[in-house]
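Reviewing the structure listed below.
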Amino acid sequence: MSCGGGSPRDYAAAVLGHRPLGDGSGLLAVRCGEIASCAEPGQFVLLRPGTGNDPFLGRPLAVADAAGDVFKVVYRIVGRGTALLASKRQGDPVTVRGPIGRGFFSARGEKPLPRKVILAGGAVGAAPLLFAARRLGLSRIEKTVMGVAGKGWEGFAEWLKEAFPGVDLFSGDGTLGTKGTVLAGLPGTLPADSELWACGPQAMLSAIAAHYPRDGGRILAALESRMACGMGGCLGCVIPTVSGNRRVCVDGPVFTAEEVMWNELSSC
Amino acid sequence: MSCGGGSPRDYAAAVLGHRPLGDGSGLLAVRCGEIASCAEPGQFVLLRPGTGNDPFLGRPLAVADAAGDVFKVVYRIVGRGTALLASKRQGDPVTVRGPIGRGFFSARGEKPLPRKVILAGGAVGAAPLLFAARRLGLSRIEKTVMGVAGKGWEGFAEWLKEAFPGVDLFSGDGTLGTKGTVLAGLPGTLPADSELWACGPQAMLSAIAAHYPRDGGRILAALESRMACGMGGCLGCVIPTVSGNRRVCVDGPVFTAEEVMWNELSSC
Amino acid sequence: MNSLRADLSIAVGGLNLETPVVIASGVWPYDPVLWSPERLEGVGALCTKAVSLQPREGNRGVRVWETPCGMLNSIGLQNSGVRGFLKEYLPIAGKSGIPFLVNLVMESEREVRENLSILRESGDAIPAVELNISCPNADCDGMAWGISPESAARAAAIARSEWKGPLWVKLTPQAPDLPAVAKAVESEGADALVCGNTWLGMAMDLKRKQPVFRRVTAGLSGPAVFPLALRTVWQVCGAVSIPVVGCGGVSRWEDAAAMILAGASAVEVGSSLFADFDLPRKISEGLADYLADAEIPNLAGLVGLGRKEKEGGRPWAQD
Amino acid sequence: MNSLRADLSIAVGGLNLETPVVIASGVWPYDPVLWSPERLEGVGALCTKAVSLQPREGNRGVRVWETPCGMLNSIGLQNSGVRGFLKEYLPIAGKSGIPFLVNLVMESEREVRENLSILRESGDAIPAVELNISCPNADCDGMAWGISPESAARAAAIARSEWKGPLWVKLTPQAPDLPAVAKAVESEGADALVCGNTWLGMAMDLKRKQPVFRRVTAGLSGPAVFPLALRTVWQVCGAVSIPVVGCGGVSRWEDAAAMILAGASAVEVGSSLFADFDLPRKISEGLADYLADAEIPNLAGLVGLGRKEKEGGRPWAQD
């Protein structure tokens, strides 16, 4: 399959499988060869979860894995759209737009891959990192650190342990893994020839960025923003960067930490 | 189960089975004890076919059969809502309001049942008549006459023959059964101690009414009208009758032909 | 609603509501058999279908039409007149124990005067009046009264002089300067403002190639209009100090909370009841949970809370 | 679109459109990589994102928000200015073979004059201008020009004097008397009217208990507003004789047909592209089938067909 340019398309796809992970989260497998064969880690889809025009906009969901003609997404219920996702059954039709955006690999441009990558994920931010881990290969992963809130995330945490063998797990309330944030699991400075790839809540990402003020260019963060078009047209998803407003959907979602004006980000 | 008053309620129900009848029509079985146990022939439900608020209004569908905690409806695709119905699978949730309205038996008030009833249906107007036939019992049915357009109704016509043994079938283009309208299958005057129960397109019902100008009170017709509330509140569904505007949802849908001001009906 | 996690009672324009959820005019039936009080769980008050001096047949032809996330209606004020109303409805309405407002058609000055003098005869049996200067669906030009500040003030003044009990005035979003209309009505002594009614829309019949409605235009309501209605509530609440009741598109407790944060003291719920009879209970429960989680002691504490200054002390734009 | 069952071409305000489906301003990207002509199947013309004299950063904070069957936006006219536009976009835009309209911000008289004189330098490379006197989302009061007939006329007159090519003027539904605005703009020589832009709405953030948008209000678009937009199209088409382009909530071919029956010569499609990139093709196919089935020889034959007299010769109410 040829993966033409950065321009996502709309596909009528079908749910191939649904694995609930507990506490309102789950893993959906979607059959759509065009997306599965072209997606790279960090890219996402816009998935329209309902019938008719309500909900109106597609929900951005990171590609959590892709192989053959099937890609996976991990969701957690936060509102109407994700609640509809949670009710999907095998065979249900879904409309997906994708693959969208600049992933971890593309965001690095022409640079050779580093020897080691540290993965840091918060909550469902784990999803694109799973896909990244698969593509990086085990040997290149220095360390995987994941954070969740704690209570109410038991099922999700079990899945994290299964998906990321050897993961260092932290939780805000201390009920799962070690009490604390992912920061506690990260080194004081980045080892030579290594990078940190991160995805999670904005507060976590900006804390990481602040934690490594001199490691510019070696920290890649996948950001979130509210979106309408997912193709660069509406300018709804922009964030402030050192080079002006950039669109999370097509200029991101992966940015280097040094590009982003973390203090001027408004919460999503 | 006690069937309190005429006031319909909303139920979260589930599709128990779906039998496509071909050409975009089908038979849906819905598990909902409250409606199944209380419905009478001629009554209907308002079924919300989608997710969220689009489509916004419930679709009126006649109860085509009811037994135990299951009732059935027959649909034919005409727009968005019925297209969604056609995509329902076993286990899908549906919201139903019902049972709604004055059925064939109630519309007769206290009068004893006639010895014989002729059933005349057009297209999906067959649905409530099927339920009526079951409740009347074979011995009381004088004759069953059904009409469809013709081409594109093959599957539906097969089902009619199965559902109404001995049915007299007519089609406008002559491709199914006899060429003509149901009128051709009806007697010039109604036999003594008999009634005619009819449901179908407005043109068919008003032609029947015109055909029996002197048989007032013995012709019961189930009418259609656009509806919003299905409980008598919005006054959206009124039709002109000899006693002023009457609501199809709660004062009908079954009216005696002599009540209705056929010439002043606007098309639905 | 004893199971609510917070006290939702609130005083609005002369009525004490147990919850801030009011059933809007024109959606609930009068019929005793359809009117069972247990259907009204979570309801704080109920507006009647519009009542005119003389019985009215309403409009001919199609009266309701579905639209994306909403509906158009052109009912045209069908009702059996004030005498019919008093005879058929009053005896039942009292029984529910829930206060009701008589939604009053305003065709002419004379009509309102006579209508109110007839209602006065029933004394305390009529808890409140909602003066409708905003109906877009009748030849009587019911809406015209609500379009300009001057005519709205005149309508309010007449009603006020004839009716000493609680008087709510229902505004139309078609007014070019709604805050000015709101102020004008306030200054004539209305006890509360209902903001607003349906939005002027239209539908085309593609089969017949002509407008669906005989009057061409019709009133749009339902979730589709919520963002518009919320904006008008924000604007009107910034202009007046009497209580404001938000109306338009409320279909979830979140919508009610949004309008109350914007300054409304209560909300009316219309078309979304067509989608779910149980909505008032769900809204009340959602609001109570929201209050409880935010540790806000009572509903009044939520009214207008969303209008506080932005960070940095800059005021919100009020336009 | 060679497979269409009917000829959909139509001349509208100085442009010859192959289909009456125009992509509305602010929804399509400039980027060459995202801009592949085969994405534009069924499209008759395309409006650029608003272009202002100087580059603009646009609004801060949340910019888009979902609503029932629609969305609010507060983008705030982010663009790289007319010079940036000519450099980045013009070379690509021409390539698609589809005519485009430069959507022009109107902040001040001076801005429009300068802007148009810069555009004039590109000569024929700019097929047409869409003067935007209706943006509700910028501090420049872009919308104020469209509110009164006087200011709208003034805006149109300035643009007309500076731009001899096709000039469409995009009206705002927030105008209290839209037909009067439409007439005023027509009389100043505009070639077509776009009716209209977004509808002023608002959203509340229940978590932060404050308005979602920094500017409080934002523009509502999408299927939710279609019945309102159709009503304005009906009204405006009754008031003017230049072509009218319907805009607001078009999400299905049926919506396009409805607006054309009401008198529009074409439609613009905005937010619904977010739900389906393939919408222009679907609308064009649907319209072509509708024409073919009704045996109407060309699209012009459908324009205004829904305004014919009602049965009995009574005219349709025009309000």
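All chains are identified by letter, namely A, B, C and D, in their written order; residue positions are counted from 1 within each chain.
One rule holds in what follows: a residue touches a chain if its C-beta (ideal position, glycine included) is under 8 Å from a C-beta of that chain, and two chains touch if they have at least 3 such contacts.
Quick caveat, the model's predicted, so the values are computed rather than measured.
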Taking each chain's centre as the mean of its CA atoms, which one is most distant from chain B?
A
Distance from the CA centroid of chain B to that of chain C, rounded to the nearest Å?
36
In angstrom, rounded to a whole number, how far apart do the mean CA points of chain B and chain D lie?
45
Taking each chain's centre as the mean of its CA atoms, chain A sits from chain B at a distance in Å of 52
Which residue numbers or ranges of chain D touch two or more of the other chains?
67-70, 222-223, 251
Chain B, residues touching no fewer than two other chains:
52-55
Classify the chain contact graph as line, ring, star, complete or other.
complete
Residues of chain A touching chain D in their complex?
4-7, 9-10, 48, 52-58, 95, 97, 226-238, 240, 244-245, 250, 264, 266, 268
Note which residues of chain C are touching chain B in the complex, please.
26-29, 31, 33-34, 36, 39, 49, 57-58, 60-71, 73, 75, 78, 222-224, 251, 271-278
With touch defined as at the start, can you tell me which chain D residues reach chain C in the complex?
67-70, 72, 176-177, 199-204, 206, 209-211, 214-217, 220, 222-228, 230-231, 234, 249, 251, 254, 257-259, 261-262, 290, 294, 305-306, 308, 310, 316-319
Quick check: in the complex, which residue numbers of chain D touch chain B?
68-69, 223
Touching residues (chain side chain A, partner chain C) in the complex:
52-54
